[in-house]
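Below is the structure I would like to discuss, written out as structure tokens.
Labels run A, B and C following the written order; every chain starts at residue 1.
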Amino acid sequence: MTTEELKSTLLELFPAAIPEEGGEWLAINVAPDELHDIALRLRQEQALNFDFLFCMTCIDWKTHLTMVYHFTSTRYRHNLVVRVKLNFTSPEVATLSDIWQTANFHEREVYEMFGVNFINHPDLRLLILPDGWEGKNPMLKSFEDPINMIRL
Amino acid sequence: MWSFSNISTNIDEWLRSFLNPTWTMVAEMVIVGICVISLFAVLGLVLVLMERKVSAWIQIRLGPNRVGPKGILQSFADTLKLLVKEGMTPDGSDKFLFNFAPLLAIIVAMLLMAPIAFAKDFHMWDLNIGVLYVSAVSSISVISILMAGWASNNKYSLMGAMRSGAQIVSYELSAGLSILTIVVLCGSLNLNDIIQSQVDGWWIFKGHLPVLISFVIFIIAVTAETNRAPFDLAEAESELTAGFHTEYSGMKFALFFLAEYVNVFIVCAIGATLFLGGWMPFHIGNWTDFNHVMDYVPSSLWFFGKTFFLIFLIMWFRWTFPRLRIDQLLNLEWKYLLPISMVNILLVTLMAILGWHF
Amino acid sequence: MVEEIGTTTDGDLIINVGPQHPATHGVLHLVITLNGETIKKVEPHLGYIHRSIEKMCESLSYRQFIYVTSRMDYLSSHINNHGCALCVEKGLQIEVPARAKVIRILMDELTRIASHELWWGAMAMDLGAFTPFFHAFRERETINDIMEETCGARLTMNYMVPGGVMLDIHPNFRQRVHDFIRLFKSKVHEYEEMVTGNIIFQNRMKGVGLLSAEDAISFGCTGPTARGSGVSCDVRKYYPYDGYEQLAFDEVLETAGDSFARYMVRIRELHQSIRIIEQLIDNIPEGDFQAKTKAVLKLPKGEFYQRVETARGEFGVYIVSEGGTTPYRIKFRSPGFSNLSALDHMARGSKLGDLVAMMGTLDLVIPDIDR
């Protein structure tokens, strides 16, 4: 499917989603409480078939956080970027690990690095950081560690 | 001709010339003890070096070549290192069993030396149940491994010991059955009688296919019994770090190491005795000139040559094959080797009764 | 964290494989719940070699950050660098000279062979056969020598820069690659004889660590791990970069989904890499090896994503730029991280001895997982 067709299909399915262009791939902005439903549709809709969540990360914009999901379809080979804007004080979003199992590890990584709370995640614990790092989120721009961090 | 039996007879006569029979016996026992211990040390050094050289040869590298000419002193250096290392005993371990296990391993290996005939008329103990004695005593070695694994208070050690227990107990059956084929054929448990029965040809040549089968089974079973690859599940360093000797260090580890190599030597010596004629030279039927030349080679050389050939074979396995999994290991024994050995021993019995061998 | 010493309430044994363990090839820590010899659960604990490369990159310029990426998947450092260079080039719209493109692909494929050879030896060692390791290193050393001559390094190459490659190839390069191909072709049958055809090895690998195609996609597996399950996912085919689309090579697929299938994929990929090298080695175009670029690179505001196929799977570079000289945020999508997440699913119910067969064929490189 070309980007244009993908865009029209997506807008038909999710009128609330705000498409964004300019990047390499089509991107849509989604509200946090709608994410799980939309993701499930993306996965299950035969015309879309986004079965492969190949990248998932978070960006700290100092005023807010943005979750970025990169989807691709192993059948149609089209790509989609889904962005979810989260507020900075209590970032919360539904887990996608029940739809794509790879989200399990990636969400644990985002949880410890950015402090995003994934609702209904089966096993939301520290994955990379050692014990005692709960609540300290090293990938945030505001994180300071005067001992271990070297400013380049 | 130069031979071990002449030397031992001369020593015996010399001792008898100035000692009464009781003291002669005591003196001879001391001499034998010293000989066994030094043989142990030499075997350990030689076999470790041989293993390293063989593995280097198989793995297209040079192996040890720095200490001494061609690296032959490498084993001495390693032994020295192990001797001066601290032998640690972990806190949670059963201290008595932990320290006793390596000693038991080495004691078993020493006991097994007794009935082996190293050359013509040269053995420590002419035991009329030699084969039975070897099978019985070698079973004790599993206890030392279980002891080490349990006393270490380490989960890797425990798992290694359990694997080893299951493995050695299973493979003893087929090892025993394949030894029995030779016992059936020559009708004696005495190792010297077995060697004498091969004066006109080794059993592996005389015994047709059944003996060949039992020889192959014997080699597989003893490789498993000595815990060497591809049956080294008790150590399996990629799964259990080092298995039952994970917690051992220094000389206690070295004793396990030594016991392993000496056990390899002993099982190969038994194999050579049973199947390849022990110290018997290689004879071919009526080629009297050829046989005459063969007789000139000292009997001890024949024995050690055959033994080291089998040792090389076992080393070759180790550096070629990947390791089996525990269920595959037990399947191999209980589903294949044991039934084959049982049928095989029936065949051999039939063969012995009907005299269908040379 | 679970209670790591002792047993669970069900009487299962919990053992720690790692962080220092011969089977994990690095500092991976697996907490394994065992019932006898049967695995009930595998729980990876990561981070023993986490250097926070993503955070580090936020204060490095677009020329500098590529050097750090060599330290992630150190066995595919060329391909990591390649992905980062491509991503920066995509942002700046730099046209890379043809010569540089060919050199890059040659280096990528040599790296892939070197990586697969190390994997082959290490995997056989996990299964208890030591000798293949030395046989694999005999050929791998040749590649390292080629790399050393041209790039000046044997492991962390740092050879690819935005706009091309750092230096032109060494005059001996072509001849030595030819020598390598000859050596490799004369020796590759040993691999088959020594390991592939071995009955013990086949019994250890077949039917072990089954991963269905659906699960492979769901777990985000890529590279030989997914292709062993029949998932066609070669980035070089679907999202070709630097001229892969003009080359004749096959995507290797196996459908069994077990360890043996993953093994066979990698072995057959060796031949495909040789095929690519043979097509290019005599056709390196003349010209510049590096495009003219500004001294200080500034990516325009926006997001850039580039994926490349490393020896382990799909490696993704995601750069978020605010228009400055350093990236605002960089995310590295490492193949090992996703492949590892499938380990628990694969290992449940198998024997402890099977775990090494699975980890061996997942080809885990720990710095790549931890980043």
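Rule of thumb we're sticking to: a residue touches a chain if its C-beta (ideal position, glycine included) is under 8 Å from a C-beta of that chain, and two chains touch if they have at least 3 such contacts.
These numbers were taken from a predicted model, which means no experiment stands behind them.
Taken together, the touching pairs link the chains end to end in a line with two free ends. Distance from each chain's C-alpha mean to the overall C-alpha mean is smallest for C. Annotation: 45 Å between the Cα-based centres of chain B and chain C.
Each chain gets one centre point, the mean of its Cα atoms, and the points for chain A and chain C are 25 Å apart. Centre to centre, using the average C-alpha position, chain A and chain B are separated by 63 Å.
Counting only residues that touch two or more partner chains, chain A has none.
Considering their complex, residues 1, 44-47, 50, 52, 54-56, 59-60, 90, 215, 217-220, 222, 231-233, 238, 302-305, 307, 314, 316, 318, 320, 328-329, 331, 333, 337-338, 340-342, 345, 370 of chain C touch chain A. Chain C contributes residues 13, 15, 21-23, 37, 124-131, 133-135, 138, 194-195, 198, 200-201, 203-204, 351-356 to its touches with chain B in the complex. The touching residues of chain B, when paired with chain C in their complex, are 55, 58-61, 155-156, 159, 229-230, 232-233, 236-239, 241, 319-328. Residues 22-25, 51-55, 57, 59-60, 68, 70, 74, 77, 81, 100-102, 104-106, 109, 125, 127-131, 138-139, 151-152 of chain A are the ones touching chain C in the complex.
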